[in-house]
Amino acid sequence: MKRSLHRIAPLALAGLVLAEPALAQEAAPAAAEAVGGGTAYIFNTLLFLIGGFLVMWMAAGFAMLEAGLVRSKNVSVQCLKNIGLYAIAGLMFWVIGYSIAYPGFEGGYFGIANFPYAMQGVGEADTGTGYSVASDWFFQMVFCATTASIVSGTVAERVKLVPFFVFVTILTGFIYPVIVSWEWGAGWLDAMGFSDFAGSTLVHSTGGWAALMGALIIGPRLGRYAKDGKMAVFPGSSIPLATLGTFILWLGWFGFNGASQLAMGTVGDVSDVSKIFVNTNMAACAGVVVAIIFTQLRYGKADTTMALNGALAGLVAITAEPLTPNVGMAIIIGGIGGALPVIFVPILDKLKIDDVVGAIPVHLMAGIWGTLAVPLTNTEVPFVAQITGVAATGIFVSIVSALVWFALKATIGLRPSEAEEMAGLDLGETGIEAYPEFTRTT
Amino acid sequence: MKFIIAVIKPFKLDEVREALGGIGVAGMTVTEVKGFGRQKGQTEIYRGAEYSTNMLPKVKLEIAVADDLAGQAVETIQQTASTEAIGDGKIFVFDLASATRIRTGETGETAL
Amino acid sequence: MKRSLHRIAPLALAGLVLAEPALAQEAAPAAAEAVGGGTAYIFNTLLFLIGGFLVMWMAAGFAMLEAGLVRSKNVSVQCLKNIGLYAIAGLMFWVIGYSIAYPGFEGGYFGIANFPYAMQGVGEADTGTGYSVASDWFFQMVFCATTASIVSGTVAERVKLVPFFVFVTILTGFIYPVIVSWEWGAGWLDAMGFSDFAGSTLVHSTGGWAALMGALIIGPRLGRYAKDGKMAVFPGSSIPLATLGTFILWLGWFGFNGASQLAMGTVGDVSDVSKIFVNTNMAACAGVVVAIIFTQLRYGKADTTMALNGALAGLVAITAEPLTPNVGMAIIIGGIGGALPVIFVPILDKLKIDDVVGAIPVHLMAGIWGTLAVPLTNTEVPFVAQITGVAATGIFVSIVSALVWFALKATIGLRPSEAEEMAGLDLGETGIEAYPEFTRTT
Amino acid sequence: MKRSLHRIAPLALAGLVLAEPALAQEAAPAAAEAVGGGTAYIFNTLLFLIGGFLVMWMAAGFAMLEAGLVRSKNVSVQCLKNIGLYAIAGLMFWVIGYSIAYPGFEGGYFGIANFPYAMQGVGEADTGTGYSVASDWFFQMVFCATTASIVSGTVAERVKLVPFFVFVTILTGFIYPVIVSWEWGAGWLDAMGFSDFAGSTLVHSTGGWAALMGALIIGPRLGRYAKDGKMAVFPGSSIPLATLGTFILWLGWFGFNGASQLAMGTVGDVSDVSKIFVNTNMAACAGVVVAIIFTQLRYGKADTTMALNGALAGLVAITAEPLTPNVGMAIIIGGIGGALPVIFVPILDKLKIDDVVGAIPVHLMAGIWGTLAVPLTNTEVPFVAQITGVAATGIFVSIVSALVWFALKATIGLRPSEAEEMAGLDLGETGIEAYPEFTRTT
Amino acid sequence: MKFIIAVIKPFKLDEVREALGGIGVAGMTVTEVKGFGRQKGQTEIYRGAEYSTNMLPKVKLEIAVADDLAGQAVETIQQTASTEAIGDGKIFVFDLASATRIRTGETGETAL
Amino acid sequence: MKFIIAVIKPFKLDEVREALGGIGVAGMTVTEVKGFGRQKGQTEIYRGAEYSTNMLPKVKLEIAVADDLAGQAVETIQQTASTEAIGDGKIFVFDLASATRIRTGETGETAL
């Protein structure tokens, strides 16, 4: 599904107040349901703005989730990484990212159009598109930031600030935009019929692959996997912050999925947004319940952090198609998503892939699952396109990410000294302890 | 004078303090500590990974007492803090060479 | 006041763009004020969506408030309970809850209609109702979750996960929906003229009664009330988290009360929503100031936790009628609400009713106060109906809740072993310490 | 730029559905872009409501930021101050503040009109203004609270509750409203052509000057500046809470600046709101990146707290004119803002002005910078008016604030005893420890 | 060698440390503790319920010193830490059988 | 019996504990402390202000051992905890007058 201006073209202002803007609806609506073109423009724009600020808020969610799941000696750096990556994403997406993501091609692989991206002038309205292009840009930008947030969680506690920020610069200025151009930007995947409504693959798997490459190339935290096969457990420093982060992300997801409808200027569109809200919510609910039941049955205790991961995995899973499932299917899709972290977190540990917050199961695996599940409820989407999209994203993002991580490793280096890592990155990288007054057990 | 170091289970703290007050112990200093001994920590699961916490939270009491109170104090602690379950803790007694009350500069048993 | 589809019927799409949809207004508006049917539909739906995500966010508020007010050894379990109860509420309200809450009767006591509830199809609009039914369902669902959140705070630190979740399942699938059907579902209380705008009784008192029964049947926390009459104080583990939770709830309440106007597709409705925002805000302000002044005068110190409770009690009090009071009256209603926790928290303690977060004064008592205060500003509401509604809710919820709590006690048991409770529920129930690295005084 | 009812007058409901309400636009829009009067009314009101709740949420942001940056022994009091000041601001702005802020004069210095302010009646719409006056009032009230929040951060950890609350009462009931009346209330500064879109000067500098006077008159925290010139560092107790607070503020700022467009009932207005979102976001991004780079280069470490301050300073800087800059200029304005705390925090320390959270560089200095920068992108604004506005605000606020602080010092006293300050205000002022269970290093 | 344990009021820590540095004490080990003694905690109100906190925050210093420095060290601590208000704390002195510097393995007074 | 107090670098804790377990030390009590000595803290920058943290986090072990194990225990700690860098810490040994196991009331070496 394209997400470019073309996607909205049919909604552009018609020449007549009473014109029929809701092409998506089967039957022609009665005149009573008609919404004037100017009004529809405002609604569409408002959807982007509300969706945009909700997704922006997810940056705080990632920050809190990660601050809660790393050890206290690395919390300040984790906070800094999160606010820094959002800022870099904003700047890079403006300088070049958006121009790569929406190059204006049809079915292409790579293109760039008009950069840096210019917004409209003061008081001007983009009546040709049916919404304000600035609102759309803002909504797109926060998605870009989300992708980067995913990476920071996995590679936490062991990568230095500067190489991390360099990676984010490339991810948000190049890697993510290229992937977006393939589908939402009307590129070759879109031409194939690939469908990823709000970005299970484009956003979440992209972040997940980049994170996985990071975890592999940077290596696990010191002392995490002993040579004798024993594994050290590094419990997160603050479960309430991790819980808060999850709730923030859940809230933000209403914007993430809901506003990905891209229009609410017709009664049909706003009804679809509502349906997306319900499905998004129910998938997360199911993810939580499944994770609780699974851990309770498997370990005799319900793991709080798995319940949090379950919510997020349910959300990621439904993101590829939050509209066509009925509620029952949304629950199933989200519930299966919720099982993935419970299953894959221990497996990653066996493979000695150190994913501090569980971002790989949550974003990569549930993202793949959600994308492959689209044809279950949306019969217009060819399964082969979904497979192709998943694979192509995986290959491109993994290769380019790996190259970048390796290049950083070979040049400025990725990790602090062992002593610095042991003492915590906060001391060496930012000099600010997160909780300077509390006596801590080391 | 004697100096008693007792390591007990945290939830016994109030009881022990009251019992000691009852026999005339005027003060003490308390520290949160982690204990390591015969008692094994639970095997815990964190995100699917088993681990055992063999450092268990304990409370350490430090109490300076006059010589003649020492025996009774040890006994009182032992009896009050015991749950007859493993990990109840230990009581160590030392000779105390001198004691000073900072406020007044008094020394010896009157300083306690 | 009904809250069912019927409530909105007059707002349903008329056959004409320029039709007059604002029956609530006294004078017929000039043509200039008219809003087209499709546009009104979008506005109404949008109100539910915005209100819905704001109330969903209250789940995070309860989680943080409670995480801040329990002792650190129970924080992880409290977080888990809060995310779990929201998830269960979502699932149960879909499976059966909504069908009981809105059975389609007039003046009845119990009914069920079409369950599980089906949303509209993709691209379809519910033009017969004047808003998307999915948006309405979502808005109703988050209210259901709020009711359950209230309970978790009161019975914190001593009830096991599984019986708690079972109670929540019944509360959100049966008890709360029945109460809703009596009023918003056009049941017998509605027929009497009972009025509870956004749910001082239906939501807050319902949660409060269920919590009270829990507190009585589960009993106080170990060591809280000594035999000699002395009371142990268990200070909350994190005042900033409790403060954050209160601010989240306050924010969410704009959705809770504001969107309970149920429509903003006319100039009159959106103006009323605005008035509700103001009154809601001012009642909370008054609650804070009264609690601060009361505790300052009574104890010589202003109690932070009471100021937080005061804000919430002010909010609960205005919830039964946030529209008809003028600002002065809103301040009075909220201010009296704010005094209730200051007065009743110590009384509950004397009665050895252990309410960890003060939910009973805040939600039950201020809820009763607010409901009884409705006739002060809304002369159409008979006082006797309000009394009846308060009493009937109290009787039904208390009896059913008590039965459930007793049944759980008799079967799977409600409390962990003394040793487990003493060690903190986090260890025994979830195995995840909330703050594993910080040295704590026990 | 006026912000009074007059400002919107051109947008008031025209007598015709198809009338042209978007006078701001150069070219007359096609009929297709027209938005009916009633619809525009709802959009305008909705903008105030959304903006209002976002700015209300900033109160939580200040609370968390400050709770994170004070020492743990003062955290409960800081939380109480923050919720209390918001409540007082709400009450005072209703009793008298709004009446002073919008006295209905043209070009005046001081006036009062109809107090306390009455909202519209139930079901009534303020069709003469083009939006619900209650929504406008709410939006204005939260700005008033923001001003007070700024002060609490600077003077934290050493001023008693009661004098602080008395100061807030005067600030929100008198000082801030007078300043507002000069510009947004159509007073003499507005007549000069002074322009402060969303309040870099009116809100942020006003708060900043009041804070500066407080810092000077109350004096630094005990032990902060030794006689031998050495400075003690009092690190903040929780960096993740400070980070959370910053993200909350950032989110709220979309409402702060975006809704200060004051209308979104035309395609031009909503497009401008979108542009404001983008510029606001980009200024903050630039502030973060500049602060990170500056501290990294200057100290070899990137200071997390400076990155947070940088975001906020970027936001304050763009607030005076978030609409006319293109994205590049927004980045420059925000980026220079972000440099200010890095430069001025150490200078204030050299001057022994103890500003606990950096509110003076962030709100006062970046506020001045932003105000003076308006003519760079908005050529209609005379530089001399900007200078005059900055100076007049500084003089008036400083003098009145100083008088109030001095009066409080002379009467009830500003500071607790040395022993109480040393033990932490939590013990003496509220009796509630923020983190009672955690062992702390003193 | 002697081993001094001093329990003092937390805000006196810096002063005491400096004073000890002045007389040649090279190092010490500091622990956050809770003290219980004659000094009674404030009666606090929490949510309308009175309670008294009789465990007060103190800081414990542990200092190994050569025999000839011990007396002076005790005196220095006593004088610096005293506020002449109740709860100023105590100083306890023990005989130290041996001391080892981990870095070098040195023992005896040179290890301090 | 002897009572050993060892102050070590925190990250050496696990290693030392295992080494001591290897020579038959059955238990110990661990406290988080701050150390002050020759090792100087880093000079830190906080919001543009330099400051030095000369209190460094250390871990204190308290270990009661039978007399004949004492020497070996000290040696083991010294060797395991040494990084040959400044700030490795100290080991202090005291005579222990008596030891009691709270659970059973046993005293003497069997109580350890």
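Order as written gives the chain letters A, B, C, D, E and F; numbering starts at 1 within each chain.
Note that contacts are C-beta pairs under 8 Å (C-beta built on N, C-alpha and C of every residue); 3 or more make two chains touch, one makes a residue touch a chain.
This structure is a prediction, so every number in the text was calculated from the model and none was measured.
Shared contact partners of chain B and chain D are A, C, E, F. Compared on C-beta pairs in contact, D-F and A-F come out with D-F as the pair having more. Computed from the mean C-alpha positions, the centre of chain B lies at a distance of 18 Å from the centre of chain E. The geometric centre of chain C is 32 Å away from that of chain D, both derived from CA atoms.
Spacing of chain B relative to chain C, judged by their CA centroids, is 47 angstrom. Between chain A and chain B, the centres computed from C-alpha atoms are 52 Å apart. For chain B, residues touching at least two other chains, in rising order: 31-32, 34, 44-46, 55, 94-95. Of all residues in chain A, those touching 2 or more other chains are 36, 39, 46, 50, 235, 238, 244, 299, 301, 303, 305, 431-432, 435, 438-442, listed in ascending order. Chain pairs that touch one another, listed by label: A-B, A-C, A-D, A-F, B-C, B-E, B-F, C-D, C-E, D-E, D-F, E-F.
Of all residues in chain A, those touching chain F in their complex are 422, 427, 431-432, 439-442. Residue ranges on chain F touching chain A, taken from their complex, read 10-11, 13, 32, 42, 44-46, 57, 59. Those residues of chain D that touch chain F in the complex are listed here as 231-233, 235, 299, 301, 303, 305-306, 342, 345-346, 349, 358, 441. If you check the complex, the residues on chain B that touch chain F are 2, 5-8, 31-38, 55, 58, 60, 74, 77-78, 81-95.
Residues of chain C touching chain D in their complex: 18, 24-26, 29-36, 39, 43, 46, 50, 54, 71-72, 235-240, 242-244, 246-248, 250-251, 254, 258, 264-268, 270-275, 277-278, 281-282, 284-289, 292, 296, 299, 301-305, 307-308, 311, 323-324, 326-328, 331, 435, 438-441.
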